[in-house]
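Lettered A, B, C and D in written order, each chain numbered from 1.
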Amino acid sequence: MPIDLKKALGATALATAILAGSGSAMAADLRVNIAADPSMIDPITYSELIAGQVISNMYESFTAIDADGQVIPALAESWEPLEGNLGFRFKLREGVKFHSGREFTAEDVKFSFEELLRPGNKAGLNAPYLDVVVGADAMKDGSADTLSGVTVVDDYTVEVAFTRPDVLFPIYPIYLFDSGIVEEAGPEWYNKVSAGTGAFKFENWSRGQKVELAAHADYWGGAPAIDGVEFVVIPSPETAMAMFETGDLDVMVVDGPSMRRVLGNPELKERAITAARAQVRYLAMNSDLYEPFKDKRVREAVCRSLDQDAMIAGLYSGAAKPLYGQVTEGVAGYNPDLPKIEYDPEKAKALLAEAGYPNGEGLPPVKLSTTEPNKNQHLYFASQLQEVLNMPVDVELVERGTHLKSINSGQTPFFAWGWSAGYPDGLYFLSQLWYSDSPYNRGWKNAEFDALIDKASMTADNKERYAIYHEAEGMLMDDWGTCPLPVSTLMATVRDGVSGVAIQPFGLVPFADVTIAE
Amino acid sequence: MKLLDISGLSVSFNTLRGPVEVLQDVSFDVMPGEVVGVVGESGSGKSVTSLAIMGLLGHSGKITSGNIALSGTELTTLSEEELRALRGPEMAMIFQEPGTSLNPVQRVGDQIVEAMTEHAFCPPAEARRRAVELMDRVGIPAPDLRARDYPHQLSGGMKQRIMIAIALACRPKLLIADEPTTALDVTIQAQILNLILDLKDEFGMGVMLITHDMGVVAQIADRVVVMYGGQVVERSEGDALFTRSAHPYSRLLLRSIPSASQRQDDLPIIKGTMPAAGRFPDGCRFHERCPMAMAACALSVPPLNEAGPAHFARCFRTEAIDELEALA
Amino acid sequence: MLHYATRRLLGLTLVWAVALIVTFFAVRAVPGDPIMVMLSDHAGDAALEARLRADYGLDRPLPVQFLAYIGDVLNGTFGLSYRYVGSTVIDVIRDGMTITPLLALSALFIAVPLGLFFGVFAAVRAGSWADTGIILLLVTFISIPSFALAALLVWMLSLKLALLPVAGWGSPAQLVLPVTVLVVGPMAVIARLTRTYMLEVLDRDFVRTARAKGVRENRVIWRHALGNTMVPIVTSIGLIFGGLLSGAFVVETVFNIPGLGRIAIDSVLARDYPVTMSIVLLFTVFYSLINLCVDLIYAWLDPRIRFDEAAA
Amino acid sequence: MTLETSKTDALNAPAPRRGLSDFQIRFLRSRNAMIGSIIVAFVAIVALLAPWITPHDPTKVSIMATWLPPGADHLLGTDALGRDVLSRLIMGARVSLTVALSVLAITMTFGTLLGMVAAWYRGHVDNVLMRFVDIIFAFPELIIAIIVAAAMGPGTFTVIVALALVWWPGIARMARALVLSLREEPFVEAGIACGTPTWRIMWRHLLPNIVSPMIVRASLGVGMIIMAEATMSFLGIGVQEPYPTWGGMIRDGLPNLRTDPHLALSASVALGITMIGFNLLGDGLRDVLDPKSRGR
């Protein structure tokens, strides 16, 4: 034999033994799956939903969202608008300790804002919220080193001045962090430590495997009862499910095909917690790129050819809610009274004929574009449109990045997509997707609608503002600017003996109150 | 006592089209210290006979009847392991192609040593020493150096000498040499044959020399067996065969002596080619090529008739054999 | 031999250089812009896009980017990951770099002896029902897609019988299923090759010589016959190892192992060019080194092969 | 004819008539070849007749009939979009075979040609070609496939190009090795000595002599290409919707293996059996045509 097997196998065994030493998990850690390795674990570059699940357990903002989806004060105890709604004065919570043990003060707010705007810091999702702050532009182009719009009044009072009114500023999830962190851990602290005030602090990140967090004993809301949280990276829902069943996961975030499985299994269904998802879905019909969409009747015909109830039953196994507007349940400003859009193939056919395309004759071919994960939905849309309207539709699968660029630059005529809320207010959807000047406008534009949105962003009174949303949303729907599509439910399953896990429209509530029996 | 006694040996091979009998009723013997030449064209069954003796017919070959006795031990009923124990110490074999008969990835010295250690013939250290001695004895210069060579580093003649050393390693009583010189240069052939003869005397072995070359047989064989089509067609003392051959096939073969160094393909005198096993004609298997065949030859197989003292031939027309000279 | 190895290494360097160039440009030919992926839903913010592009040097001409990448490779960081903000590529792939070779090598060290054993076992019984049975089994092993086999094993051993963990990395028990899935195919390939070559070698003259000198049958088979089949088998091991590296893509995905294969797939999806390029480069280097080893082993296995020939 | 080589002599027999009948006998006797050819014939017929024998339209979406278990109307049930699994399986055979045969046709033609040219002219031609082959070999094949697929965008044509790119070097290497050894044969040397034109030597003397090992290689190759195509589809870079592929069906079915095993299992079984068929046929053909084959 040419190969020394004994030696070779010995080496393998040794290597395995070494690996085994580092593998055992602590008993009182809460184990949760995440679908991909987070791209970052710091609040500055934070720019993806997956990372958000981890980061939200370490960092906090002025406000938080409770288990019922309501905005509650967090690092700010209260706030009042400055004159003309051009800013806010925040009264900060006292006695809050960072993971480093330092106390949270107004200086940290200023520092956090500045770091988010500092050129070269590759700031992510949170930086755009600061665009309204006075001096933000100067910070961004490097002409100023401090943010002039933020005034530290005293240790627990900070004023933020705006260039234009932004009544929703207090609910923006801008994570605030420790101004002493650079001194403590160096400028490259991002992947080494956490600098938040949250219930958990960063412990270890084994790339591609897991992110481990440890309890923050000095947490202002009370030290967590569990030792820590382990976010296990599991891309395959099937694997996640198997691991939950074998007890290797305490909480399973359920996604995609696993929902069917959970709902079909009484034992799992019993352990499931759900919430409406803070997301809207829509079918975008760009009339600049496909002539027939210029006719409102064609748009209505398309919408009436799609059966949301059938989709929910067939594609989502019931784990979805129909959507009849563009603000979703669980987000402030939702209108529960919007009329149902009935599936009505006969009416659809009639409308199309009225528009000059009897039985689809004269309709030019069109591509329904999407990415691989959304394939099934689109195949359904295409088959419905072919069947009901005899519309010449083909599904085209596009790489995600390419697709995003194309839809964001208004070059895709026909596609379905979703939009997840960045903060708990309906304005997010209406102003980003259907406002004419939004970079993400989906092909329907209306000046009256735009005026209403402008007005809403200056209306501090919630009730008044929600009424404006309803009016604008009604305008969008009356014109059949889009076909709203069902939104899948957020779901997680929780192992027996684990309590205090809660889910709200933005995902799992930070695990501060979780307990594990045994 | 006879060293090797073969009687009525029949062997068949399984082929694609069913079993084919390749040896039929073969009988001859070898006495200690004697050289028996087995002569015939390729396909006459001489190699199969030697493999049958060694028990190396493989999966597809089978002895269907007959006996093989080696020093009185019946070989056909022995188990594979019992046969193995005999190969080497009792009987050994040298093959036609020294080029392919040595393991290309084993040092030649080790191949000789292995022949001894596998039989616990002597302790490994002594086997090593003996291997070098043997190499010296078979005429390999600087044997202690050459022992570390691989076969591809040696010439054909040297390889055949190694083969002989392997065969002799356990001092066998019977040496079967299957065309030991065919693949070699003419100049080497004689050296190797002489070596075999010398060693025969030195070791007191019986030698069964298989060849297609009547010239070689004439020189060194004490007795001769001529085979054709899987049968023994003539058997005699050496001289008798050469002076008074009683079978037309033998006679025709003998004419090839002047061109002894040529291969059988070049035998110009016998018309046609020997049929493949399983395609022999009825009756005398040679009759289709025989210049003096008569009608009866195609009807039944001639028996091995006595043609003189210790001289047998398988021919109906032995008495008229001299007519052959006139015909050819 | 040292001379030969040096010469081959020089030749390999050339191959690696070509690989570097090809990968660099091929990866850039892939549609999809890493900046768009970073921007995700916010693609369209031109200012942000321009800033990110400048941050990552993607606004420079391709040749400049290429030179920069070579610099990054030479200084061992392999550049900055696009996806993992603030991390170098080497940080991203460091763990994977030990995991995938460990998986592939463990699989190889199990597959080779098993394959040899089954191949020899079938060859010496050629034509029997045992032989036919083994062949059918081997063909089945070769024919089962690894993803299907993985699913089947998880279902049976992890879920129904609860014997082994479903997925993950770290404990020896977690190695069992992935390595098994990786072993099955190559094992069957080696067994089939072994059987074929053994059948041929068993017919050769020197095997007859060995038997004629009374060598025990076991030694005839394992020493003489198998010893002479090792060269072609070792040749194919080089190829099989390439297959194992590819197999790692599937196995690591299914079993949630943070190896290079899974990182590679993630990086392709995320348009994390530097990571994709570096992994392709590593795979190429690793694979060609294995093939160099194979060539060196040849000469050790077969004294007839000189190093010059092994190169051809 | 010598007795010693009687086990293999039929192969070396010059007379074509006898060789042919021996081929038939060997083929009929070879359990592998028989089982393999029956399976392959079955798959081929199914693929050929696919449009006429699918019980349902394989692309017809029925949103209210998703994930049906196997039953009377849908023998193998339906998938996530209510499409008939059996019909998709049948159409999948067509897609798989189309890809495999296209790749085979391309690689066999170019690989053999380039391999022969390299071996015949040796020197620089050989060096350049084989260095190129080495470089392709230096990449794990899946990586090449992924890069090509990513660069060209997924689709049937991409799969064919990617797999052809990966496959031809192996064929070229084999053809080269075979021709290199044939080149020294007397009949070729005689041809050269007589001034026979190169193309004629190649076409009349070299090609016929390398045909049977190449056929063996091809039949084993079909299986491997089908597997590679399935793996690409499994990874999402293969043949695209609405065409059904076995690899794609397995990928779509795998997440639901435990609740709805019929989708992944039926495609796995179809793929597995087809692979077994081609492998057995290839093995059988090798035993029959080329028992001494050493090619890989």
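Everything that follows uses one rule, which is that a residue touches a chain if its C-beta (ideal position, glycine included) is under 8 Å from a C-beta of that chain, and two chains touch if they have at least 3 such contacts.
Chain by chain, the UniProt names read as follows: C = ABC transporter permease.
All values reported here derive from a predicted model rather than from experimental measurement.
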Checklist entry - In terms of C-beta pairs in contact, which of A-D and A-C ranks higher? => result A-C
Item to check | Per Cα centroids, the chain farthest from chain A | outcome: B
Checklist entry - How many angstrom lie between the CA centroids of chain A and chain D, rounded to a whole number? => result 46
Next on the checklist: Rounded to a whole Å, what is the gap between the Cα centroids of chain A and chain C?
Outcome noted: 38
Item to check | Separation of mean Cα positions, chain B and chain A [Å, integer] | outcome: 90
Checklist entry - Between chain B and chain C, what is the gap in Å from one C-alpha centre to the other? => result 53
Checklist entry - Which chain B residues sit where two or more other chains touch them? => result none
Checklist entry - Which residues belonging to chain A are in contact with no fewer than two other chains? => result 236, 238, 399
Checklist entry - chain D: which residues touch two or more other chains? => result 7, 153, 254, 257-258
Item to check | Pairwise chain contacts under the document criterion | outcome: A-C, A-D, B-C, B-D, C-D
Checklist entry - In their complex, what parts of chain A are in touch with chain C? => result 1-3, 5, 8-9, 12, 15-17, 19-20, 22-24, 36-37, 39-40, 42, 45, 47-48, 119-120, 122, 124-125, 128, 188, 190-191, 206-209, 232-236, 238-239, 242-243, 245-246, 248, 399-402, 404-405, 408-409, 419-420, 439-440
Next on the checklist: Residue numbers of chain D touching chain A in their complex, please.
Outcome noted: 60-61, 63-67, 80-82, 153-154, 236, 240-242, 254-259
Next on the checklist: With touch defined as at the start, can you tell me which chain B residues reach chain C in the complex?
Outcome noted: 54, 56, 59, 80, 84-89, 92-93, 95, 97, 100-106, 114-115, 118-119, 150, 152, 163, 166-167, 169-170
Checklist outcome for this item: chain D partner, complex, touching residues on chain B are 13, 15-17, 20, 22, 42-43, 45, 47-48, 60, 273, 276-277
Checklist entry - Of all residues in chain D, which touch chain B in the complex? => result 1-4, 6-7, 9-10, 22, 25-26, 29
